[in-house]
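Two complexes, one shared chain (chain A), two partners (chain B, chain C).
Take a look at the complex of A and B:
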């Protein structure tokens, strides 16, 4: 099972949202990491065949998804970013509606919906209207609908944004449990989401993949560029203006700063092992802040 | 497919705004029926021992029917004279009741007297003018049939206004069919489902037409049943030009109330189907449910206010074949029969091919608009 992206480009007028991307995705969880506006959502829409590329192709098991047509939709599960629900539908009715759209038989749809509601811990509230649900509950319902047809390709666009830490952990675990024997592509700008569940990471900036690989391999690209140093409180503003500062923590009278820099920022700075958040800061410090 | 249609109908109808609008329509119809049909304004003024007596409501309907039964059939000069002379009230009666005889035409005598009065058979003082049927109706005179027409005239009037309002409500119901999916970003989910582009899109279109058909049929049935229960079918064969209110007095060809009712159904149903098709296209091409609602509403309502009469007659007719102007009936029925070789037919028949063509175009265009829509 493979999803092959070849020279994919999407242009809106003169703005290039996706610039000549190529990648091959096989079974496993892929974290698509990038700042807002990097092109993650556009890429996902192209992968879902709900936007047409300006150039390039996407092939599933060697066949162009445009030609694969409805058969491709049969293996596809998608959770878009910020999608609305029908507020007056109950959770169960919503899943039955989505099942009908996904072509599941009525009897199987009922059984599968109950199973999934149980898995996402919404069985108790299956007959409650969606408008009464919290953000986390809605997202869990969202992943349940994406899983209705037991997809081979699961595309999740910023599924954890707006969730509190507890819901985020819960949601991550759900994705992990659903990811067996699937191509899962998870886009986010929340570093910890991909850090824990993604076996592969695609780092995207300005419509291009700037790195692809396993988390450890990618993190190595910033080896030697992450420093820690102990400074006095009054020195922090000046350092903040000169360097890309990561974590800051207070220890007694001093502040321990984590600085991402090509060169040693201070005499007593110590080189430390980078993590994914450092990588994010290294590449996206000029765009937005990680969460 | 059945399941998808059922879901789509529920989605369309389960909205507070739709229920508020439907409640408004029911109240409007109830008030219209009460004011016009059940029993409506039915009123007879007559003389009893030198006093003016007013009879209203169901009793007036019954008396009107009795009077009509005595005169029903072809309208002759003798009948016209007899009706006016029998039911005219003397000036003394108006004076004794302190009513200005010069304003007599404001007061109802009975249905037949009023019909003749509306058609110019009566002097300002209420007496017979001496005008002949041929002078009033010209070439149509030999076929003019008089009879009990109030029920038909009022029911068609109620239906006309009810359909115009039902059209507004249909815009509210149908305009979000596709556009709401864009607004709440459900389009992405629908279009990634195996049936999203075809069956679901078709289910939305079928649901919209089902609601249009069932709603229109229900409206027509309720009003017709009320009419039949209160007024009966009597007078169906009388001429629309002899209506008491004179709404259809200028129809330039022979037409009875049953024929008018049938032709009106073509106009109403045709108008509703064309409206549904247009709203579906607007909904599929619209950017949001609000913009689709506003655009659809403007397309529906604005033609009512356009001065079609400044156009040449051949173009003016097309202006009256737009959904709202077509459903208003009155102007459409002022046009003469259309001749096509040896065949002549009322202009309202043009609504049939127009409805078929626009409905097919609307279905295809809206289906294409939604299924090929690029999610943003």
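Take a look at the complex of A and C:
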């Protein structure tokens, strides 16, 4: 099973949102990292056949997804970034509705909906109207609907936004348990989510993949560019203006700074092992910040 | 220790040896053990299965097969019935309310007032239809729906089939009542069908054009404008209409048919458009890396 992206381009007028992307996704969890406007959502919409590419193709098992049509959508689960609900629906009715438009049989839909409500910890409130739900509960319901048809290709756009840390851990475990023999693509700003569950990472910038690979391999690209140094409180503003500061913590009178820089920022700066957050800051410091 | 490998010539010679099964074959071509088993089984007659057990087993197996096949092929009627259960309750209530209003006034008031009432209610029927159809956009759930087996265009089609069915029922009952109090067919076309078809056609056209940018105000604007226009324009036009010698009784059915054609055309276009994402992005400046 593979999802092959070939020379994919999406243009809005003169603006190129996706620029000649190519990749092959096979079974496993792929984390899509990128700043706001890097083209993540557009890519996900293209992968779900919600949007048409300007050029290029997406093939599932060798066949163009546009020709695959509903056969492709049968194996697809999608959680969009921004979504709403029919406010008068209960959680159970919503899942039954989604099951109906996914073409699932009634008996299977009822059983599967209950299973998933239990998995996302919403079984107790299954008969409550969605309009009474908190943001996190709605997000969990969204995750549940994406998994209804036991999809082979699961595309999750910012799935953990709005979830508290406990829910995020629960979600990560859910995805990990679910991802066997499936292609899971999840985009997020929360770097730790990707770090924990993604076996492969795609780093996207200005509509292009700037890196593809396993987390360790990608992190190595910033080897020797992450420094830690101990400075006095008064030195921080000047360093902040000159360098890309990743982290800051107070230790007694001094402050320990984690600096991402090509060159040694200070005499006493020590090279440290980079992590995914450092990588994110290295590539996207001029754009937005991870959570 | 030196390991002696077989020579190339020996290997080729071995490969040329024909395959010989170690199992002895009987005259029929079956292995002897299988033949023995066959003879043994022939000595016994199979037990009779009681018909009730057989029937229950078949029912059970069929149910199991249905459960295993979680993506069954569904007939059109099955799909319609499934979607019907998810149509908002207020739609049926509103349609029933309209029928009640028509029946309440039809035997109490004069035809002129009834015509005015019909000309206002007809765009209301369109409003209900388009409002319900467009709920995917209004509730911002369209993106999830578009990625399902029955995509957005198909969902719109099912909804339109159900809602048109309800509307046809309401209009047929209204027509029967209208004829009972002496109203003419062309008058019904003029005051009820024409505004319904026209507002429906324009609203569906707007819905198709604006796609995911659709909101309640835009959806309500078309039928409401037509309703208000009908209220002021239609009765005076009926009195003083003359167009090249064509009377209203002849012209209106033709115009109504054209409006119906327009409605069907827009319905077809809406239900065959696969991508509703409005791609004329105006928010280029929001891309923060430029």
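In the analysis below, the second predicted complex is superposed on the first by the 291 of 291 C-alpha atoms of A that agree within 3 Å, B and C clash if a C-alpha of one lies under 4 Å from a C-alpha of the other, contacts with A are read in each partner's own complex, and residues count from 1 in each chain.
Going forward, contacts are C-beta pairs under 8 Å (C-beta built on N, C-alpha and C of every residue); 3 or more make two chains touch, one makes a residue touch a chain.
Everything numeric here is computed off the predicted structure, so don't read it as measured data.
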item: Superposition on chain A - do chain B and chain C clash or fit; value: clash
item: Which superposed partner A:88 touches (first chain B, second chain C, both, neither); value: both
item: Partner chain in contact with A:270 - chain B first, chain C second, else both or neither; value: neither
item: Touching partner for A:55 - first (chain B), second (chain C), both, neither; value: neither
item: Partner chain(s) touched by A:206 [first = chain B, second = chain C, both, neither]; value: second
item: Which superposed partner A:108 touches (first chain B, second chain C, both, neither); value: second
item: Partner touching more residues of chain A, whether chain B or chain C; value: C
item: Where chain A meets both chain C and chain B, residue numbers; value: 45, 48-52, 70, 73-74, 76, 78, 80, 82-86, 88, 97-98, 100-103, 145, 149
item: Residues on chain A engaged by chain B in the complex (per definition of touch); value: 45, 48-52, 70, 73-74, 76, 78, 80, 82-86, 88, 96-98, 100-103, 106, 145, 149
item: Footprint of chain A on chain C - complex, ascending; value: 66-67, 69-72, 74, 82-83, 86, 88, 135, 139-141, 143-151, 155, 275, 277, 279-281, 284, 286-289
item: Touching residues (chain side chain B, partner chain A) in the complex; value: 3-4, 7, 11, 14-15, 183-198, 200, 374-376
item: Parts of chain A lying in touch with chain C, wherever the complex brings them together; value: 12-13, 15, 35-38, 45, 48-52, 70, 73-74, 76-80, 82-88, 93, 97-98, 100-105, 107-108, 112, 142, 145, 149, 155, 205-206, 286-288
